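You will see subunit A twice below: alongside subunit B first, and alongside subunit C after that.
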Partner chain A sequence: MTDLQIHESYQRLLKNEDLSTPLAAILALTEMMKQSNAGTMFELLNELKGAAEALSKHSPNPIGLNAGCELFIEFITLFPHDAASFSELKTELIRQGQQYAEEALAYRTKIAELAFDFIKDDSVILTHSYSRVVLQTLLMAHKRKRISVFVTEARPRGMGIKTAEMLTTAGIPCTVVLDSAVAYAIEKVDFVLMGSEAVVESGGLVNAVGSNQIAIIAKAANKPFYALAESYKFHRMFPLSQYDLPSHNPGVLSFPQALSARTRPASSGLPSESSSSFSSNSSPIKISQEDIARNNPDVDYTRPDLISLVFSDVGSLTPEGVSQYLVGMFAG
Partner chain B sequence: MASDPQSTANQRIVEDLVSRLRRRQLVGSRATALETLLVLRQVVSKARFSNIDQLVNVIRIVGRRLVEAQPKEHSVGNTVRKVLHHIREEYHTASERPTVQSSFSIAKFVLQGQPRKQTPIPRSETRVPLKENDPDDPDSFARVLKPVLMEAIQDVFDELETVYDNISKNAKDHIHSDEIILTLGMSRTVQSFLKSAAHYRNYTVIVAETAPSYGGREMAASLSSAGISTFLVPDSSIYALMSRVNKVILGAHAILANGGMFATSGSLLAATAARSYSTPVVVCAGQFKLTPLWNLYHEYGALDFGDPSAVLGFEEGDLVDKVDVVNPYYDYVRPELLDVFITNYGDHPPSSIYRLLKETYDDEDNEL
Partner chain C sequence: MRMPSLSAKPKNERKDERDRNNNEPRKLHRNNNSRVREYPALQDHPLPNRRAAASTSKDAPTNIRDGAGGPDGSSDSPKSRGLRIFSHFGLPKTPGHQIKGDIHPAIVKLGLQFSEFKICGANARCIATLTAFKTVIQDYVTPPHNTLSRHLMTHLSPQITHLVTARPMSVTMGNAIRQLKLEISGSDIDLPEQDAKDALCHKIDEYIRDRIIIADEVIEDLAVKKIKDGDVVLTYARSSLVEKILLRAHSLDKRFSVIVIDSRPLLEGKTLLHSLASTVPPLPCTYALLPALPSLIIDADIVLLGAHSLHANGSVYSRAGTAMVAMLAKEHSVPVMLCCETYKFSDTVMLDGFGKNELAPTKFSPEVPKSNSNLEALNPLYDSTPASCITAVVTEVGLIPPTSISSIPLALGRTTL
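Coming up: the complex of A and B.
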């Protein structure tokens, strides 16, 4: 299976609304295993690692799928097998992967139930962007308690609007707030519910850009900040700053040097002269939404000290608890 | 089962404790824990069961009854959870059935990160085969298991009996010579901790009098009679004195899963003042106070309220009908304000309390 094929099957799997990136990655790897003709464990692992790398390379934001690949490969490495032949073992591993992806779909309900206890009647909740587990939690809470929700718009992708539409359809009072209006709204908010792309070893959170600033504002206003994350999103990574994330590239937040170099000689001279030349310029510079999105990040990293609790299918954990799970899985 | 004379006897002792809890004739986390344990011992010794589920069910029903009688005495529920945990452990060792480890899947792989359960040394040496649901002799299961269970309950009992000694064991490592310690309220745990340290160190204690219960006065009298240099100060001077204090030592009513705690009102004031001077805050508490609850309700309405006449007596008749008077028993102290919990099983930072909880109780008992 070529790199492109595995990427295609990954993309195809992602079309399923319920499947999150780590699970899609695990399923894509099982599809690769079906077609692989590796004869030994070593070969198989090599192929899997190659495939995981290929997936990661083709994806602009590989953090979630990395977490899934890492979990699956580590599981295969440590799988205690007593199968008679290698092909039998391979079938078993494929079955395990598929079974897990199936089981894992129920995790969101489990998390929703855990988080439900923390939602008081008449709560005002702030959430960010679009997250299936947050949505499920809110919909479940709505059945038994009165809640109202602020959703941030979540530029550049505007996924918050999708959340708002779905919540409004379900009859939950819901208002979209601008990303820049979070500090304005925070005083009305009881707590923040945040989905996640990955929860990393420090206990911090990687999620749609804007999560970090919401966490900082929530901390400043002394409001609890709860992260919701299925356990397959636990990722063995220890970012020390925003720029340690694999999604960061030199293009993000770069200054348009070529452009300024081109315009400078044209507007040489005094500032007054340059302003007149600006108005007479036949093609004034326009900045479109796409231009802005191009050199802006998709995800950001939130420090663990800003997070009150992480709800996952293995229980409600303090951020420190997440690192304990990761150590147990990958070093135990 | 209701007509069963044994179960009516059980019913009676349970109801007796229920009414004492409800009328607040029995207060204090250790006292309630001890009484709960006595009732559970009685219940287990008289219970008829032919498999583990029946036994667990019997204990749960009793536990639920007791917890409902006084939901704010968290140690009642904790004791029930602890007993259930021990019973399951004993059952697993006695039945010699390896705990379910048959299949390895990714979901189980993820759980490897879970805190390991405490495994006590197997007590049942006489390996009589356990027969569950034996149709010929339905009591055989109970007969074999009961002695072991009684021993397990006795262990919990012993732990409660020795809790103060075990907490005070390392007191001299926490208090140094010539230090100034601030404490408040009347906590038996803190009292024995300070007295034990006094055998080795010369230090000074400042006790806030803790209005309106004035537990601090009692504490100060007791400490000074043990030869510790003690100052009794009004609550309002806690902040003013904080700059001189080396350490704040507090007791707890219940320790919550997030590492926060419920403690005598005034504790939050002391902890906040300590934070602004970066003075360490040490909490002394037995492990029976560990409660598998996240503080869901941050407002004071979730706390317990005492008799308001201690704040404003009826003698002041002119005022009584013009103002509302409340006398909350406890403060909720956030985990960020605490530095360490000293328990009878070692010292722990607030962030690892959730882990201790997972080790001490079974997850399925969190909701009794």
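Coming up: the complex of A and C.
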């Protein structure tokens, strides 16, 4: 299976609304295994690693996907080799992979049940962007408790509006707040529920951009910040800062140097002169939403000390608990 | 097969504790003898550290006695009040201390190197100790009517005591020796003596290779990935591991510069600076003393630190001054990476740098004016950095937060040597 094929199957799987990126990656890898003609475990693992690399290369934001690939490859490495022949073992591994993806879909219900106990009647909840697990939790809470929800708009993708539409359809009182109005709204909020793209080894969180600032605001306002994450999103990665994320590239937050060099005439020395010539000579520059989005990050990293609890299908964990779980799983 | 050796372990540990405490000078106050009661071994053995005792207060009658017989009481003014509340800090012995019992020449030599600070640093001391023990084991002959697995440890104990007398035992040495004891007590009785000794030496080699040398290489690989082009790396004093990481990053053609922060009394950063500056092409370095840190930390992109030991609550016991660097880095939101092998983990809890510490030998102390007898130099060698000031610990099993080190099975010694 070529790199392009696996990427295509991954994209096709992602069209399924219920599948998150790690699960889609796991299923894409099982599809690759089906077509693979590797004769030994070593070959198979090499192929899988190659495929995982190819997937992450083609994806602009590979964090969630990497978490899935990492989990699956780890699982295959540790799987007991007691099948009679390698082809049988491979079939078993494929079956296990698909079964895991199937079972994993039920994780959201489990998380919703865990988080449900933390939602008091008449709560006002702030959430960010669009997350299936948060949505499921809110819908479940709505059945038995009165809740109202603030959803951030979550520029640039504006996924918060999708959340708001779905919540309003379900009859939950819901208001979209601007990303810049979170600090204004936080006083009215009881706690923050945040989905996640990946939970990393420090116990921190990688999620749609804006999560970090919400966490900082929640911390400053002394509001609990709860993260919801299925255990397949636990990722063996330790970002030291925002710029240490694999999704970061030099283009993010870069200054348009080519533009400034063109607008500033080489002959004029004084900055005031150049700025006046800039305003009079050239046509006023328009900045479109796309221009802004191109220069901005998709995801950001939230430090563990800003997170109160992480709800996952393996239990409600403190950020330290997450890191201990991850260390125990991969470093053991 | 391991069961008996495992059950013997706590006893051995307690013995270690006692060995370590032997080195501590006696209590200042006569009424405060709770520690003496707690460690009856103190009364069994003659006080090994006369030098330290001489420098403590003369309130305690034992100190007067010991001080009179001390090898050099000359540097202490007769009116000296000692270090008062810091008197429990271990002080390295002067080279002239007497040798008690059957001490192997390799250990005597090592003891001198320890007390002279010729061999300094947790890794170096651990490797040197294990290498010396290999010689001791090879030269050892089991007396008649004894077995190696039962008798060798009684032969090694005075050697360990001798080393501890020279300088308090490091956590790394403690961990390695504990593992060695486990191996000795677990060695097969039916094995011919030479084979058993060879097997032990092989185990020691494996320990050095797996837990230190290979571990360092893995840590280098992991840490180098976090150094990016254009970064300014700040480090404090000299850690052999940090030095290796910086040299590796440099050899990989990463363009970065280094700020070496240093401090008295040991000024170990000079050694680091020398090795960094002698690379080809030279690595751009800045050297500054600790007081200059606040103005330099703002330029740093990442802080790399070494450790003496890492404790169960995530606090880090390292060269005095490390805590200040880590705290200031946290204050300026500079990520702090601590580089530390898992064998440096200690399952004790360290709350501050006061409970347990060590003093720098007097040769590193500044000259105290003789006229001012109330002035005493205090040079603790270590301090304790709280876990909250450390962003990540780079170990051979990956980058982990300092609080999670206790969940690594390898760190707890639940592994074969």
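Just so we're on the same page, the second predicted complex is superposed on the first by the 315 of 332 C-alpha atoms of A that agree within 3 Å, B and C clash if a C-alpha of one lies under 4 Å from a C-alpha of the other, contacts with A are read in each partner's own complex, and residues count from 1 in each chain.
Everything that follows uses one rule, which is that a contact is a pair of C-beta atoms (placed from the backbone, for glycine too) under 8 Å apart; a residue touches a chain by one contact, two chains touch by 3 or more.
All of these numbers come straight from a predicted model, not from anything done at the bench.
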Worksheet item: When the two structures are laid over each other on subunit A, do subunit B and subunit C clash or fit?
Response: fit
Item to complete: Kindly classify A:S202 by the partners it touches after superposition: subunit B alone (first), subunit C alone (second), both, or neither?
Response: second
Item to complete: Tell me which partner A:D244 touches in the superposition: subunit B (first), subunit C (second), both or neither.
Response: second
Discussion item. Once chain A of both complexes is superposed, is A:E103 in touch with subunit B (first), subunit C (second), both, or neither?
Written reply: first
Fill in: Greater residue coverage of subunit A in the superposed arrangement, subunit B or subunit C
B
Worksheet entry | Partner chain in contact with A:F72 - subunit B first, subunit C second, else both or neither | first
Discussion item. Looking at A:V327 after the superposition, I want to know if it touches subunit B, subunit C, both of them or none. Which is it: first, second, both, neither?
Written reply: both
Worksheet item: Between subunit B (first) and subunit C (second), which does A:G315 come into contact with in this model arrangement: first, second, both, or neither?
Response: first
Practice prompt. Pick one for A:Y232: touches subunit B only (first), subunit C only (second), both, or neither.
Written response: first
Fill in: Angle at the Cα centre of subunit A, taken between the Cα centres of subunit B and subunit C once the superposition is applied, in steps of 10 degrees
60
Discussion item. Rounded to whole Å, what minimum CA distance do you find between subunit B and subunit C in the overlaid structures?
Written reply: 5
Fill in: Doubly contacted subunit A residues - partners subunit C and subunit B
320, 324, 327-328, 332
Worksheet item: Can you list the subunit A residues touching subunit B in their complex?
Response: 71-72, 74-75, 78-80, 96-97, 99-100, 103-104, 117-118, 120, 231-232, 234, 308-309, 314-318, 320-321, 324-329, 332
Worksheet item: Which of the residues in subunit B come into contact with subunit A in the complex?
Response: 104-107, 109-115, 257-259, 294, 296-297, 351-352, 354-355, 358, 363
Worksheet item: Of all residues in subunit A, which touch subunit C in the complex?
Response: 201-203, 236, 238, 240-241, 244, 304-305, 320, 323-324, 327-328, 330-332
Discussion item. Looking at the complex, which residues from subunit C come into contact with subunit A?
Written reply: 226, 302, 335, 337, 388, 391-392, 397-401, 403-404, 406-410
